[in-house]
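In what comes next, chain A is part of two complexes: it sits with chain B in the first one and with chain C in the second one.
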Partner chain A sequence: MSSTAATSSKGSHLSRIWVIATHTFTQLVRMKVFYFLAVFAVIAIASNFFDLPQHEGPEAVGANVLRSIKSWSLGAMTLFSVVLSVVATALLLPKDAEDRTLYTILAKPVPRFDYLAGKLLGVLLLVFVSLALMDALMTAVLQVRTNMVVAQQEEMAKAMGWPQDAITSLRNETLESGPNASLQGAVFAVFLRASIMASLALLISTFSSSTLFTTIVSFLIYFIGHFQADARNLYLHSGEAGEGVFARLASLLLSLVLPDFQLFNVIDAVIEGQVLPMIAVAKLALVGLYYAVFFTIASWFIFADKEF
Partner chain B sequence: MSDPAPAVEIRNLVKEFKTSFRRKPLRAVDDVSIRIMPGEVYGLIGPNGSGKSTTMKALLGLVAPSSGQCSIYGRDSLKVDSRDEVGFLPENPYFYKHLSGAETLRFYGKLCGLGGRKLEDRVGELLALVDLEGARDRRLGGYSKGMLQRIGLAQALVQEPRLVILDEPTAGVDPLGSRQIRDLILKLRERGITVFLCSHLLEQVQEVCDRVGIIFRGKMVREGKLEDLIAIEDQSEIVLRDASPELLEKIKELVESTPGASVVKTGKPRTTLERLFLREISEDAP
Partner chain C sequence: MPYEQALGNSLRDAGLFPPALQITTRDKIGQTSSAVALGGLRTLVATFLNLRAFTYFTEQRWQDVEETFNTIVDLAPHTRYYWETGSWHMAYNAASYYINDSKLPPLRRREAWRMSILKGRVFLERGIRNNPDDWSMLASYGFLLSDSNKYPAFRDKNASFAAAADAYRKADATGKALGYVKRSAFYALARVDGREAEALAEARRLYAQGKINHTPTMKALLFVLQAWENPQMDLLASAIEIFETPENAYEALSAHWERTRDGFPVHGVSKAIVLLEERLAIPKDQSVLNKPLPPPGGPDEWFR
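Right, the complex of A and B next:
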């Protein structure tokens, strides 16, 4: 009788993954990781003061400061999200195994995949919330500063006797440098890059025995990911080596396993004021999803047979 | 009446670990077989490194057997569903320090698919059972060793399992805490829950277990019902209250006059140091 009751109340994979994810999120929040938001706030506000004096005309007024806010904020977001993804993921698994809390979880009817997916989702949830808060702060600072710049430019243009349509055109141009959809797309790209890094750190931590090793290897792969596309192109287009089928297959395999972080250079383009089309965001989302799923499944293969 | 399925069945379990320096693998468990029937309290005793914890881990699917089989209520231990009806308390567990007692039980309950009112009721019931109602909202970082063991026992019981596996449940706990855990194990037995425990504290094992196995260097060297194992078959014991020296003398004479019987020892029975300690620190003590 009790057997039937217990079986019927086991719960689904999704609910178990969600329980572990929300617990991981709480665990990280209670480790006071949100303190870095204060540092971000300082960076976002300080970036307001990086305005090089330019007196060539109204169109140049404040252009630097708006770029500076975006550049510093997105840079800080990248730094915090990547560090948070790698370090938090690298810390959680070995800690659970060392403290034997992992035994108590796996001794419940919890499949190992659910445990891994829950941990990863918890870290991603934390990164997402952190980025959302940082994004809100950046958008607020940028909005206020854009309004100030527009007012300043209008005043200067009027004083210089610009025609009204030229003033309107300048105003629209400046507003485009403020908060817009492309900027939100860039923040989403930062999140995707952090997601790839978290799932990569998860994979490494399933066979590594120390947090330090996982962190170092993850960052090494992060840096390799920034020039692996260049290295591949150089290899494939330099003489005979790149012409063989084997070389092309090896290159393809490398790009399937090692993420190409140059794809995320679109973030820099957004800082420079370029538009990020939806199709590019969708493409990045697919790339991010591919690597996150690939690394998580690889982690599961290793973790499924791991002995404690 | 048909024979019920055993709660635990370990058949010819062998577990070898690869070692880095030697080619020959280390055999931690060597051909161990254990069968525990529902409702029994089984104690596995042995020195450190004798293979007790590895046997338990193999039963929980935390390590895979090199050969042999483990099953819980007929389900293979390597399958997740075998853990539906098991509660486990590992040796010296450190639960999540950032959670309170109630949050810990809620977390484990949710992992077992419990939720809502049912889970809240179960959390309250378990905190009462392990006498931690007063510390329900205190974070585990502030719990004493004994309290941690008790919350650990409570999490093991959260989904009302039919089998509870306890690895050194009283390790590092003071005699009072140790007694509380012993009483909890007795309560579990009264409720018909099967208990599989391993411990160094032989006196406690003797107090709570129905059957005992002695494991040494990975091999099961002795196993059986506790009373059969420790009874001295050719001796009998009579304990008297307020017996006068004359009465004792008469009994002695009667025994001496019976052919083949002899008095081995007379004297006053002694309490244990543990009982003395508990009596002295109890609130009723003068």
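Right, the complex of A and C next:
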């Protein structure tokens, strides 16, 4: 094959995947999935009202409510994104088969890998847009509330006769609890976890018999994935406590196949005010990319020989 | 797998990875919350538990408040608010409740009051061990140990003030503390018997830093410690030099004389007041020295 033909083939692969992805995105949007944003808006605004009394001076005013907004919002984002990625992916193949769209597409010169990759990309696009909208809402609410807290603290500090340098120091400390790069890194970690779940659900849906089965198994694996580190430790330190061969093999299998979802719990540290370095985000992105690619290729192996 | 292991270790080293959830914590929060916490929403569970703890606080269920905050800090060990609020509920709210709890006899009320303060102290110490660089927790600890309503709960008053001064200094050493922390460290140090020379040196250092540190307490303590260093000094001249006018000196030293509950030293204060009264022609019957001192308060009075 000439290089021009190879480039053309590569280009057509990408364009096919993109067409399927945008179609999938449109298909999912028409299912009115964005209605959950109204629920998220209520959660983000409601989290403003849990400003419990504190015990001391200006530095304590509003300290809890800023964390409460981040905690509630990132919690809701995690929940919505994981549910959305699993349920949306679980729906896709059975729905295409039911609507007979799948047969129409596969009857054309569309490689099965392109079809799967397009479907996955469509779901990821939906999750990304959803998270971006939730992130924008959270950032707006947090920014407004941070400004209010800073104003309250300054007013109280001035009334108590604090010197200007102390007020400035307090202001800077409070602003660190507002929207920042680490918070965006945490939202990206939420997206990565949802991406892995979407690709995992895609893999399960290639051999599952129903949407319900895919959803249930995906969520089970989601929770098991939070114990992957325990399985890994068991394997790496096997022999110390006299585990049997079966336990060793099972822990090895779990460690190799399942992602360690605990890694993405860095969002808790960000809510607690820790700084999330870019390098940590990049390393998490590598983990996300590895599992997304691994599960997609595994889906392709199964889907490639599937008879319809 | 090795990559995930290494990444997990590096995140743990950077303080971005929470410690594993204790089995006792899992039991306390129940299966559903455990699942949510394991699903990466530990801080969210902590937020809800904090709301529950607030309800317990309003219902004055102090044992439940304590248990809930112990669970909360297992879930979110790096959140200053939870450590400070939990300690505050134990050392201040529960302790104050027992001062007025008419259902218990005085001796048991006194013990419950003391235990609540000690629990608040221990809780804050745990918070500091988990967050050694947090200036606010260190300052809160210093405040608790030097609080005039709390230090009688500790066996050794001198050791409490010394520990308070140490905590404030550590808070200041983080480089993030607000300006009052330096002065608070000095106020605690000034009350430690046997460290007067160190306190005087600190007073002079802070005083030389400018008007920001020229608070009434700082001026009074500078005067008192100078009188301790040199009992033969001219008290009147020294008081006027520090307080600028005899009127200011009389007002400030009288206030210092009446602060019996704070445990501040009073070297030379009564003599200076006498001299200032002569200078200002204040009649003997109006002398602050002839007025009854405010009751010292404290457990001996509360639990009679």
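Quick note on the criterion: the second predicted complex is superposed on the first by the 274 of 308 C-alpha atoms of A that agree within 3 Å, B and C clash if a C-alpha of one lies under 4 Å from a C-alpha of the other, contacts with A are read in each partner's own complex, and residues count from 1 in each chain.
Criterion: contacts are C-beta pairs under 8 Å (C-beta built on N, C-alpha and C of every residue); 3 or more make two chains touch, one makes a residue touch a chain.
What you see is a predicted model, and the numbers here were worked out from it, not measured in a lab.
By the touch criterion stated above, A:K283 is placed in contact with chain C alone, chain B being left untouched. Here chain B and chain C are compared by how many residues of chain A each touches, and C touches more.
In the superposition on chain A, A:H13 makes contact with neither chain B nor chain C. Shared-chain residue A:K158: touches no atom of chain B or chain C. Using the contact criterion defined above for the overlaid structures, shared-chain residue A:R193 touches chain C, although it does not reach chain B. Counting contacts by the rule stated earlier, no residue of chain A appears in both its interface with chain B and its interface with chain C. By the touch rule above, chain B contacts chain A in their complex via residues 57, 60-64, 73, 80-81, 83-96, 98-99, 107-108, 110-115, 152, 155-156, 159-162, 165. Across the interface of their complex, chain C is touched by residues 50, 52, 54-56, 59-60, 63-64, 67-68, 71-72, 74-75, 78-79, 162-163, 165-166, 169-170, 173, 193, 222-223, 226-229, 232, 236, 255-256, 259-269, 271-274, 276-277, 280, 283-284, 286-287 of chain A.
Those residues of chain A lying in contact with chain B across their complex are 2-3, 6-7, 9-11, 15-16, 19-20, 23, 26-27, 30-31, 99-101, 103-111, 305, 307-308. Note for the complex: chain C touches chain A at residues 1, 3-5, 7-8, 10-11, 14-18, 35, 38-44, 46-47, 50-51, 54, 76, 78-81, 84-85, 88, 92, 136, 140, 176, 178-180, 212.
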